[in-house]
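Each structure below appears as structure tokens.
Note that chain A is present in both complexes that follow, paired respectively with chain B and with chain C.
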Partner chain A sequence: MEITNIDKVFLIAKRDLDRFWQSKQWLAGQIAMNLADIFIFALIFRGIVRRDLIPDYLKFMTPGAVALATFVAAFSIGREVGMEIRRNTVEYLLTLPVSRQNLVLGRVLGGMLRGLIYQLVFLVLASIIDSPPTLVQLPVLVATSVLLTMSMSSLAIAVSSISRDFNIQATFRALTYYLLFFFSNVFYTKQVLALRFPHPLPEIISITPISIAADIYRWCFNYYQQLDPQNLVLLAIWSLALTLLASATYLRNLTKR
Partner chain B sequence: MRKAVEIINLVKKFGNFVAVDNLSLDIYEGEIFGLLGPNGSGKTTTLLTIATVYKPTSGDVRVFGYSVVRDGDMVRKLVGMAFQEPKALGIDKPYDLLMWHARMVGYSAGDAKKVVREVMDSLGLWEHRDKYFYQLSGGTRKKVEIAKVLIQRPRVAIFDEPTAQVDVISKHVLWDAIKELRKEGSTIIISTNDMFEAERVCERIAIIYRGRLRAVGTVQELKDSMPYGDVIELSVAGKDIDVSKVLEILNSFGRVSVNGSTFMVYVNRGEEKAIEIVDALRRRGITISRIMVKEPTLDDVFFYITGAKLKEE
Partner chain C sequence: MNSLATALRQIFLLVQWDLTKILRRVIFVVMRATWFAVQVSVFGLALAYMVSARSLGLDTQAYYKFYLFGIYTSILFSITASRAYDIAEEFEEGIIEYHLSLPMNRKVLAIGRAVGGGIASTLFTLPMFATVVVLAQEFSIEAILISIIASLAFSIGIAGLVISITLSIKSGDATDILMGALDAILVRLSTVFYPAVVIKSIAPYYYSVIANPVSHLADLLRLFYSFEEFKALAIASPLALASYIVGLSIGFSFLAVYVVEKKLEGGGWR
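So, the complex of A and B:
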């Protein structure tokens, strides 16, 4: 049977997914960290934070941890991409009978699948700690996860391909990671952020991709009663813009030699 | 003969450094073609341009008529490349790597299993199939790299220094596998700085030095292009040898040097000249007790053409 271009895109994605499961130590550390966020950090802070601002910190934090875990898993594709560029193994991929566009698509898809599969266990946890999504919430949850993983995977790939120097790669990856991680509402509500940060920082933080995804997840797991439809539109715009920009950057970096 | 690869005024620069300097070359369908040159001469850059990894700074490369600049997707369907440094991460396993490669180059899952097993067996890789790449020796890694192209069976198969880091027995296994691939219809391009490999495997050779083409031809043509490259070494029988008489005859064939009773004559086409020398000496009543013809090595040819030694740089 003839192998189609779509098959090749999935084969590229599968290769990245297989490598994800091979990084067992990294995975174990990551799962431990995400679980610690929920079962240590959130449980301890439940008794400390002001209840008028966050009534149940564990329930508030858990959907945020889902967004965080999803982001981290999708973002991890950047490590392999960076390593391939440093060690020149990317040259091998460039000789394969596949178009450059499909190669980029396969890599982005690989990162997406990492995030989507990795988040499953945290979705179950969120369903137990908060409450499971209804049939109406489920498609929104899936769409949010796809958009979030797509944008984060693309971003990681683009950032990792800007240089062949490990130090530059690692610095930029860490910078992007921590900017997205800290400037998010995963740990704090907008009201809390408004108390600590000057205007317009809280507003900016509330419209970053991870913050938006965390808020949508909070609605999907019934922590918030209302979904702001603008959030979905905003996340779609973020994802589309980031994916296009990042894919173009990766493509340019691959073919500039 | 049909051109498989046409390199047209290829220039490749990295910043101010000119890696390939106005290279033009034709490689014909079904031949085993060698790029011979020391490290840093532009061989790998040329190969990576043929394989569409690098874009030419100017000029073009055409593979069966398809331009690497305009028709990259088509070129990649025709070309397969085994790299000088095996391209894999330490956590990769040979079997998984080759299975994935086989699927990417178009095999169905069932066919991929069959061809991967076949090629791994032929190269003695099967026992290493589930080891991590970082656990493999340099030679075994190299075989895995070459296995990719043997599995792919591309129209144009490129091998960048295929037997560097490989032991002598494995070298012969790889050379046989490459020749077998040609029998199946692939055009082979090998880059090497090993003159023995070039002589044993390649039918035509291009000598590249500092990014420029210095000579191209069959091994014999290259050797013959070296003026007086063959040496006929002979000894004359008898106690009272008339050296001046022998020299008079030998001087008509080429430059001569004498070492005791041994004469060295520097000529072209040594085998033909040796017969003529034997006849000429016999006619004058001189008997030869020993005669041998020594051809120049490709290293000598390379030195003659470039003024540099192959393994120097």
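So, the complex of A and C:
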């Protein structure tokens, strides 16, 4: 029986997914962190945050935590890509009967699946804490998750393949991670940012992929009443651009010595 | 007298060992420094604006100051707790067995590692501490000195705790899981971001916060600098907080001695 190109891509993705489940310690720490953000940080802050700015901080932050959890899980593939480059496992990957384009596609898909699976628990939590998405909101939610995970796994792969040096890899990955994590509207609204920081910082923060995804999730879980369609378009552009750019970078760095 | 001098010299060598280890971790330094910079700038400033400081009896600037001392405590805790990963690595590389084979009393070895871990972590966070002092605009020399001493005592206690945990469970994976979860939960269930009074309505959270070592150091540092401003928000009096920190330091150092003397021999690392 002939293995098709699609099968090959899925086999590569499955390998990355299997490795994800093997990182039990990382997963446990990450789940503890995400749950603590919702059930401790957001719950306590609900009592002290100014209601004129954010009426219910727990409901505001929970969809944002979904975006964060999804991003972090998809981003985790960067660690493995970096390790493969350092340990020359990449040579083994290049000898597989898979075209390089399919190899890259499989890796991006693997990262994407990690994010999508990891976020399931948090989607249920958000449905309970806020309210479940309607049938109209559901496809938007799925599309947002796919776009977010695709762009974040691509970004992590590209950043980790920049160098063979562990220090450089980890520094770039951490810097990208912190920038996306804190420079987002997961913890604070655009209004707070606009009142507190000079232009154009609030505008920049509001158009990062995590911020856009968090806002769409807030609509999907009925925290916001209206969806800005521009957000979906922007997220699609981000996703397409990052995936193309990152795939090209990874393809180039696969054979760079 | 001679044996005391030998013990002190050996502790000094162990402290040097821990200092050299932390200095080699360039990537760790860059990551923590970046994390700290973002925490005190974007995150801290936005949080201070969002919080209804008046309901806490503070103004926005005072809440930011409250937050700064909290965030310094959290980074000191995280960095000290990360010694667990070093110790796990040493176990995997056989360095722990090498340490055990040295002509050194086990008590000295345990105390030396706890003190070394504490000193290395405190020194590592000094630039961050200086940043906090500048941002809070609190330049009292006495407060700075006793804050550093309190931070050192706290850090020695936490180092003793992580040494005891890591060497007891003897598993790299379990250490990773436990330390990740402890760090995530202890920092959030403390007075780093919010005073204990706002959590009174959630009893399990409240009692966890007032038992948490992180809360004790954070509140103690705040009282050292702005007693009048923060006395109503602290979980205890300065004397009680200081006694807790001293007890933590001595108690966990002795726990480390017990673990090194009774539980470590025989390998069994998983």
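Keep this in mind: the second predicted complex is superposed on the first by the 256 of 257 C-alpha atoms of A that agree within 3 Å, B and C clash if a C-alpha of one lies under 4 Å from a C-alpha of the other, contacts with A are read in each partner's own complex, and residues count from 1 in each chain.
What we mean here is this: contacts are C-beta pairs under 8 Å (C-beta built on N, C-alpha and C of every residue); 3 or more make two chains touch, one makes a residue touch a chain.
Note that this is a predicted model, so its numbers are computed, not measured.
Aligning the two structures on chain A places chain B and chain C side by side, free of any clash.
Contact comparison for chain A: of chain B and chain C, C touches the greater number of residues. In the superposed pair of complexes, A:Thr171 makes contact with chain C only, with no contact to chain B. An angle of 90 degrees, to the nearest 10, separates chain B from chain C at the C-alpha centre of chain A in the overlay. Legend: residue contacts after superposition of the two complexes on their common chain; A:Gly47 is shown touching chain C, with no touch to chain B. In the superposition on chain A, A:Arg252 makes contact with neither chain B nor chain C. Taking the two complexes aligned on chain A, the least Cα distance separating chain B from chain C is 11 Å. The contact surfaces that chain B and chain C form on chain A in the two complexes do not overlap at any residue.
Note for the complex: chain B touches chain A at residues 48, 51-55, 72-73, 76-77, 79-81, 83, 85, 87-89, 91, 96, 100, 103-108.
Considering their complex, residues 1-3, 7-8, 11-12, 15, 18-19, 22-23, 80, 83-84, 87-89, 91-92, 94-100, 255, 257 of chain A touch chain B. Residues of chain C that touch chain A in their complex: 26-27, 30-31, 34-35, 38-39, 42-43, 45-47, 49-52, 55-56, 173-174, 176-177, 179-181, 183-185, 188-189, 193-194, 198-199, 201-202, 205.
By the touch criterion given at the top, residues 24-26, 28-30, 32-33, 36-37, 40-41, 43-45, 47-51, 53-54, 166-167, 170-171, 174-175, 178, 182-183, 187-188, 192-193, 195-197 of chain A touch chain C in their complex.
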